[in-house]
Amino acid sequence: MENVFYLLIPELIVGVLGLLLLVLGLLVPKSETKGFGLLALSGLVIVFLSTILYQGQTAEFLGGMYVIDPFATFFKQLVLIAAFLVVLASLEYVGKLGYHFSEYYSCLAFIVLGMMMMVSAGDLITFYVGLELMTLTFVILTAFEKKKAVGTEAGLKYLILGGMSSAVLLYGLSLLYGATGTTIIKDMVGIISDNGIQSILVLGMVFALSGFAFKISAVPFHMWSPDIYEGAPTPITAFLAVASKAAAFAVFVRIFITALPDLAHLWIVIVTVLAVLTMILGNLVAIPQTNIKRMLAYSSIAQAGYILLGLIAFSELGITALLFYSMAYVFANVGAFAVVIAFYNKVGSDQIKDYSGLARRSPLLAAVMFVCLISLAGLPPTAGFAGKLLLFTAVIEQGYVWLAFIGILMSMVSVYYYLIVVKHMYLGKAEEGAQPVTISVSLKTALVICLTATIFLGLYWTPLLNLALQAAQSLF
Amino acid sequence: MSFPILSIIMLAPVLGALVILMLPEKEEKIIKITAAVFSFISLVLSIVIFIMYDKSAGGIQFVEQIPWVDYLGISYKVGVDGLSLPMVLLTSLVIFTGVFASWDMHNRIKEFFIFLLVLTTGVFGVFISLDLFFFYLFFEVALIPMYVLIGVWGSTRKEYAAMKLTLYLLIGSVFALVAIIATFLYAAAPEYLGFITLDMVALGTVTYDIAFQKFAFLLMLVGFGFLVPMWPLHTWSPDGHVAAPTAVSMLHAGVIMKLGGYGLIRLGVFYYPEGAKYWAPVIALLCIVNVVYGALVAMVQKDLKFVVGYSSVSHMGYVLLGIAALNTLSLDGAVAQMFAHGIMTALFFALVGNIYHKSHTREIARFGGLAHQMPRVAAGFVIAGLASLGLPGLNNFVAEFLIFLGAFSVDQVILGFISFRLLAILGILGIVITATYVLRVVQFTFFGPRKAEWDHLEDAKGIEMVPIVILIGTLILFGVYPAPLIDLINSGVEPLVAKIQAAAEIGGIF
Amino acid sequence: MIKIAWLLPLLPLLGFVVISFVTKRLKLLSALVAIGTMAASLIISLGIAYEVLRDGVTMESPVEYAVNWLSVPGLTIEAGILIDPLAAVMLIVVCTVALLVDIYSLGYMEGDPGYSRYFSYLSLFGASMLGLVVANNYFQMFFFWELVGLSSYLLIGYYFGRHSAVQANKKAFIANRVADFGFLLGFFYLFLMFGTFNFGELAQAMPAHANSAMLTIAAILVFIGPVGKSAQFPLHVWLPDAMEGPTPVSALIHAATMVAAGVYLVSRQFVLFANAEIALLVVAYVGGFTALFAATIAIVNSDIKRILAFSTLSQLGYMMMALGVGSVTAGMFHLTTHAFFKALLFLGAGSAIHAVHSNSIWKMGGLYKKMPITTWTFVIGTLALAGIFPFAGFWSKDEILLVTRDAGFTGLYILATFVAFLTAFYMFRLIFIAFFGESRSEHEPHESPLSMTVPLLILAVFSIGAGFIGAPFLEKAFWALVYYGKPHHPVPDLLVMAVSTGIALSGILLAWLIYHKKYISAEKIKERFLVVYTILENKYYIDEIYQWFFDKVVLVISSAFNWSDRNLVDGAAHGISDSIRAGGAKLRYIQTGSMQNYALVIFAATILLVIWMAIPVLGGI
Amino acid sequence: MTSIGLQHYLILAAILFSIGFYGSVAKKNGVAVLMGIELMLNAVNINLIAFNRFLNPDVSVGMIFAIFVIVVAAAEVAVGLAIIIKIYRERLTTSVNDIDWLKW
Amino acid sequence: MVDLSPVVFWTISAIVIGSAIAVISSKNIVHSALFLVLTFVSVAGIYATLTVDYLAAVQILVYAGAIAIMLVFGVMLTKRGDIRESNLFNQYKYIGLLIAAGFLIMTVYMLSLTEFPVVAGPIGSSVELVAISMFGDYVIPFEGAAILLLVAMVGAVMIARGGNKKQ
């Protein structure tokens, strides 16, 4: 066997980073807190750079257990970008927290590791372990905050619902294993076409799909997510909404496209139904929300519906669109959550009505929020539009015009509740004596990155599109 | 590549916005001057291309092209022809005058001009884009800032109106977007182009299947119908006009609504001539509702801006009538009407804004005899009103004349006893109703005995006169000597008509 | 001079521009600009007339030149000049009256704050009217047709501070709009049939379609234009109200020139009507009816300007009737003479009003002592109008009666003769009440200044002499110049002359008896025919009918549409958005907060999917 | 009595899974809910091992999978109990019924 | 075919299901925990019937030994009120039953439709195979699982230390 373990360097660095942070937390005195964040940041940058080294490479090792291909690399980079932005957005938050500095960043690093394992997983076991590493660590980060009962509640809900859903997922995976006799994803397809479609396979597929639908929070498997998004610390919510969803999508796509194309006629209809329900319900329920995190949670649910369109198209273009949109979604959603974080840090409220007059109190926050919401709504000139254009093109290409219609109409519904936020920010009047909202440098950096990326990718999307295309081609 | 004049026209406003972004908020004067200067650049260059455009050659000129996204065949491609050039000129005129019409504003000036200029870039972009991606991109860029502009600086139920307007227009754009995607996917099929492209010119060379045309044109019709606005999709427009601040009303009624007509011609009729023929009867019926209904509703409005708002609904019906008739004269007229109505309605809103700014009311019943205090405003308003009712010597007349003549010459029965000609007659009747409500408003607002209540109102003077003079000048210039404008438009309409004539004979929907 | 005919409209237009933007504050200079440009136009007109006579320009061989104003495939619109004797006559009439009115206004408008504005409007009117006269195609005609309407609108509403004035100008404009609607449709039809607007080209093409239904429809539609502009029944309502404008304006626009434009239009393209017999009949009967209709109203009116206005209506009806029976010559001849004496009458009335500050004839009386020039010129004008030999009206009216009878329209002939009687009667009623008898004025009347009386005198000369240009005993007169088809030399018919003169004199006599000598009590007659009187006094309630139509039909429909717009159209939109919002508000409660509930939903959904996949009918295996 | 085959094990697993599921949704006590999840995971393990044993006994993929499942289950229980303890301290209850502050 | 006494299988299965039902139905959480241990042990018995001895041992050690004890600790630490009423059903008693039954029925139905290509044959030394794989092909998930346990440990401490008493 050729020695290709050097391809694991990114994973190794992340793992070492997590452990290092954990150990340093025991050694360094409590007063030295800033260092952890910066260490985490620089570590993530290094990891990101190391993934760039493997750009475009394809390799498998350990008998197909682990796969490095552009698809995986794309998602790894996506996760790393999200993590980087979240760490930037967390610095101030953690600083205020006053405890668990090192553990916090180390957990983030382990989440990243879990996600990287997931997206690179070539077999079900690796995927499962990565998934659980990610989920469990998220549970910890959701619930660890002291004096915050909703956080604990969210953690419990996530743990129990996540546990139950992964039991179902696991049940499904066990059936897939039973039906094919292997856990290597890319070996399955051959066996399935030899054996034909058995009912156990279908059962396994449905259970697995149910598990994935849970992770990407597609309606009606979404029910956990608004509560957890609302209860979790906001940086974690951002990370959860963006990266965990993206990682789940990565595996979802990899398994269903690579292993189960013979069942496509079955799962595409299911996914279509889920996508429609997701787009409709997510957007409708977001309308009456008064808490911005919860509103963004529902909007994230709806976004998953759009991303599913790429899978429904089941084509190179569709997957490209899915990848592109996921990346666009990272910047937009993290940007929006970063504004929420910055606002919460200063004002201590997540209520939409408290955003009144934000445009006067902090033009930057308002502008970033505005642009990010526009991107989430899929309007030009933002990355969200480019992504949605690709998605809708992909589904219309496959003849699902009605689906595109529902999608676009629902994104117009989403404009309504996004505009409510804009309304408060720009049209509303701040209370008497409201101070300008100051933003820390790190948050400002995150905000500006999100803003720039969202607009740049909306105007000039060739580079990202090419990356996504390369990634999508590696699957087919 | 030669001098990128179109790109500069388009980008000048957004550059202005960037400059303003750097300026401190307190320097209101400098901000306004900056806005004026950058919009003036656009104006001058628009006039330059208006003059330099080679009408005898026709076609698309001043083309700039930069590859953008190869995978989807997207390129940054801009250019103008006889359809878009008048719109570009219109936009630059309206924005330039709009800046001056906002000279008296003092509330959050900096943000206002930033949004306004970004919006303007969007509008320019739509008109010059020759690539569907950029077309749609600019289209939306032109819509989004509207929400904030109306919501923050507006009046009278501004939040409601802003939301309504934005949602209506966005929903309209949904239909257009689906049609756009369907079109380029369709054209990419091997039997047509064989490669995927969003180049509007290349897509125009494809002959689409009739069933597809019917479907796609309907989408375009509904989509752009929201913008035009076509009855019954129109209710956003009076509310929006009323709520918007002066410059936005001007830009909005003057230009944004034209995006609908422009889009319908440029994308709808041009790509799907058969579809257009199929749906023309529906357009014709609805547009007459627009004309007559809009005019009648305008008659009983109590708010000056509502009158103008509904008059826009009515007048844009003529544009649709011109499109429905699908012949050279009517299409010439439709484009000319978009131009003329844009100027006219901008003038209206500039004047109403002027009055409102000073009197803080727009209720017609409270006014009366304002001509005593504000003779210049009154004169301007009367001229705008005369333009609105299609008086010869003003640009609108030429446009309406062409539309009527074009529509009148269509010999087609639509439904039962309703023929195209009858609808054209009803349309012409619309100008009688227009005369009635315009003169009523003029009478109740400006004429009659002097009211001491309004003695504090000052007449327009100095910088306030800039928009009034420019807009009236344009109306008269192209009213008395329309040949440059109409020839230009015609050079753009000719290929369109050739396409319509080449299209298969297909009956209307009924 | 014909070569520079295009200057005709441009000069006054220049005057308009100069006054509006340059001399606005210099009142006298403004007036001089207006007068100067109009005088220049008059000189050009005279030059043109001279050349027409010298070069033998006839109706068949007009001088025409044009440039393309607008040209798109399928449509060419020219801006052109068409000079033939008809146009030349009209030019002279317009320029002369306009110049005199301009001069008159110098004095009449003295001290008015809007002096410059007034003269700018007059110049605008001059430009539009001259442009209309020289037009060589329908489009250009329509163009200026509307502009004269605009000038009329502006001038009627000159006193914009008065409710009645702005009400009147609105009414005038709308009535004209309605008419123009027909006009526009009419020449659209012509364009559809022949593909051109040019008079000459149309004239050549029309005979091929003589009396076709389409041509008839086109002719009738075109005629609606003149019905409005020349205030024929039923669109006459605006003209009496138009008297709200300054009196010189009434003289110029609403008596002499603009209202005659309708007659001019019909004459201009008479070939259209000649080839549509039914349309021609319509013209004749509408004209005849209007002549009678207006004259009856004039009998009971007490406003001096309105009496003159109704008289104008009546006389325009005469002209239309003359055209309708086929004689362009008679119609245009009457137009010419009428222009002078009616202008005279209006200016005289203006002079009187100026003196007594009232329009009511009952507030005047005995003016002949204080205002001799006004009075006697007024009497001359009245005699001309009544058609007393040898005043101008006699010749032209006689010719109309003659051609009507000759064309076989006996009914119309009798009607016209009766109208002549009525005319004489109501005009002398006016004279006797307003200028003779007791003075009832609250003011001390005095003779008007020179700038006002000189035009009166000049016009009086025309009122006496203008008739001779068309007198039947002349060998080469008006009839030889202005005609349709071939010139028709009217043979003087003594019977017609005698009857008309006699009947006019009897009208005068009756008026004298009733209003001067008071042998017959006007009150008694009034009481006796109270119903008739009331109807006449209320002008046959036409205004009320229109008002009712507007208030109860148009406004009601408008309000209904407005309501539906707010409630149905918008209501539907609100309904959709509200239901979406309500849907969201309801759906949020499925999120109960209980995690076991969530788990149940998730598993239930999973099972449903399994069931779905297990049933082949639903697409499962 | 027929010989015991793969189906029997799979059905046993399915029953155990259903019971586990029922326990985790129908019990109030948070610890009982965790117990239910453990039962479900055990059911999966039975599945995995049965498949491994009956279908391809020569490689031990299913067993390894099962071991990882056990590891994860252990970790999950640890974290779960920690959270239950924390929530108990905060609200003095372990009844998941009462934990519904976050909703709508 | 594996030589196996059906009687053993049926017996153990009955214990598994019976004790699992007892876990659910017991009103006392401590009893539930004890039944859970029984279930775990009997599942180990099932493994044994499959001749997977190694996993049977792991099952007893980890589940019955560690997890069940941890759960009992959890019960004790959160003890409150009457222990005999500590494990009651909630409002989803019936609907939960319905869905669980539906789940069971559908799963069994689908399983019954499938033909399995059963490969008879003795299993190799399970411990050996597992050990080789664990540090061979499965090294990445193995390391991942290690980190997972570490994180779970750290996290459990982080969480359990937080939270303050609140009446």
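Think of it as A, B, C, D and E in the order they're written, each chain with its own count starting at 1.
Note that contacts are C-beta pairs under 8 Å (C-beta built on N, C-alpha and C of every residue); 3 or more make two chains touch, one makes a residue touch a chain.
The shown structure was predicted, so the numbers you read here are calculated from the model rather than taken from an experiment.
**Student:** Which other chains touch subunit B while also touching subunit C?
**Tutor:** Chains that touch both subunit B and subunit C, as defined above, are A.
**Student:** Considering only C-beta pairs in contact, identify the chain pair with the most of them.
**Tutor:** Chains joined by the most C-beta contact pairs: D-E.
**Student:** Which chain lies at the heart of the structure, taking centres as C-alpha averages?
**Tutor:** Of all chains shown, the one whose C-alpha centre lies nearest the global C-alpha mean is B.
**Student:** List the centre-to-centre spacing of subunit D and subunit E in whole Å, with centres computed as mean CA coordinates.
**Tutor:** Here subunit D and subunit E have centroids separated by 5 Å.
**Student:** Could you state the distance in Å from the CA-based centre of subunit A to that of subunit C?
**Tutor:** Computed from C-alpha means, the inter-chain centre distance equals 77 Å.
**Student:** Take the average of all CA coordinates in subunit B, do the same for subunit D, and state the distance between these two points in whole angstrom.
**Tutor:** From the centre of subunit B to the centre of subunit D is 65 Å.
**Student:** When the C-alpha atoms of subunit C and subunit D are each averaged to a single point, how far apart are the two points in Å?
**Tutor:** 97
**Student:** When you check subunit A against every other chain, which residues touch at least two of them?
**Tutor:** 125, 128-129, 132, 136, 139-140, 143, 149, 152, 155-157, 160, 164, 178, 199, 202-203, 226-227, 416
**Student:** Quick check on subunit C: which residues sit in contact with 2+ other chains?
**Tutor:** 577, 588, 591, 593, 595-597, 599-600, 603, 606, 610, 614, in rising order.
**Student:** Where in subunit E do residues touch at least two different other chains?
**Tutor:** Answer for subunit E, listing residues that touch two or more other chains: 90, 92, 96, 99, 103, 106-107, 110-111, 116-117, 138, 141, 145, 148, 151-152, 155, 159, 162-164, 166.
**Student:** Just spell out which pairs of chains touch, all of them.
**Tutor:** A-B, A-C, A-D, A-E, B-C, C-D, C-E, D-E
**Student:** Quick one: which bits of subunit C touch subunit B in the complex? Just the residue numbers, please.
**Tutor:** 68-75, 139, 142-144, 146-147, 150, 157, 160-163, 165-167, 170, 173-174, 177-178, 181, 184-185, 188, 191-192, 550, 554-555, 557-559, 561-562, 565, 569-570, 572-573, 577
**Student:** Within the complex, which stretch of subunit B touches subunit C?
**Tutor:** The contact residues of subunit B facing subunit C are 164, 167-168, 231-232, 234-235, 293, 296-297, 299-301, 327-329, 332, 369, 371-372, 386, 389, 391-393, 397-398, 401-402, 404-405, 408-409, 425, 428-429, 431-433, 435-436, 439-440, 442-443, 446-450, 481-483, 486-487, 490, 494.
**Student:** Spell out the residues on subunit C that touch subunit E in their complex, using ranges where they run on.
**Tutor:** Spelled out, the residues of subunit C in touch with subunit E are 596-597, 600, 603-604, 606-607, 610-611, 614.
**Student:** Over in the complex, which subunit C residues touch subunit D? Could you list them?
**Tutor:** 588-589, 591-596, 599-600, 603
**Student:** Can you check the complex and tell me which residues of subunit A touch subunit C?
**Tutor:** So the residues of subunit A touching subunit C come out as 156-157, 160-161, 164-165, 168, 197, 199, 202-203, 205-207, 209-210, 214, 220-221, 223-224, 226-227, 265-266, 269-270, 281, 283-289, 413, 416.
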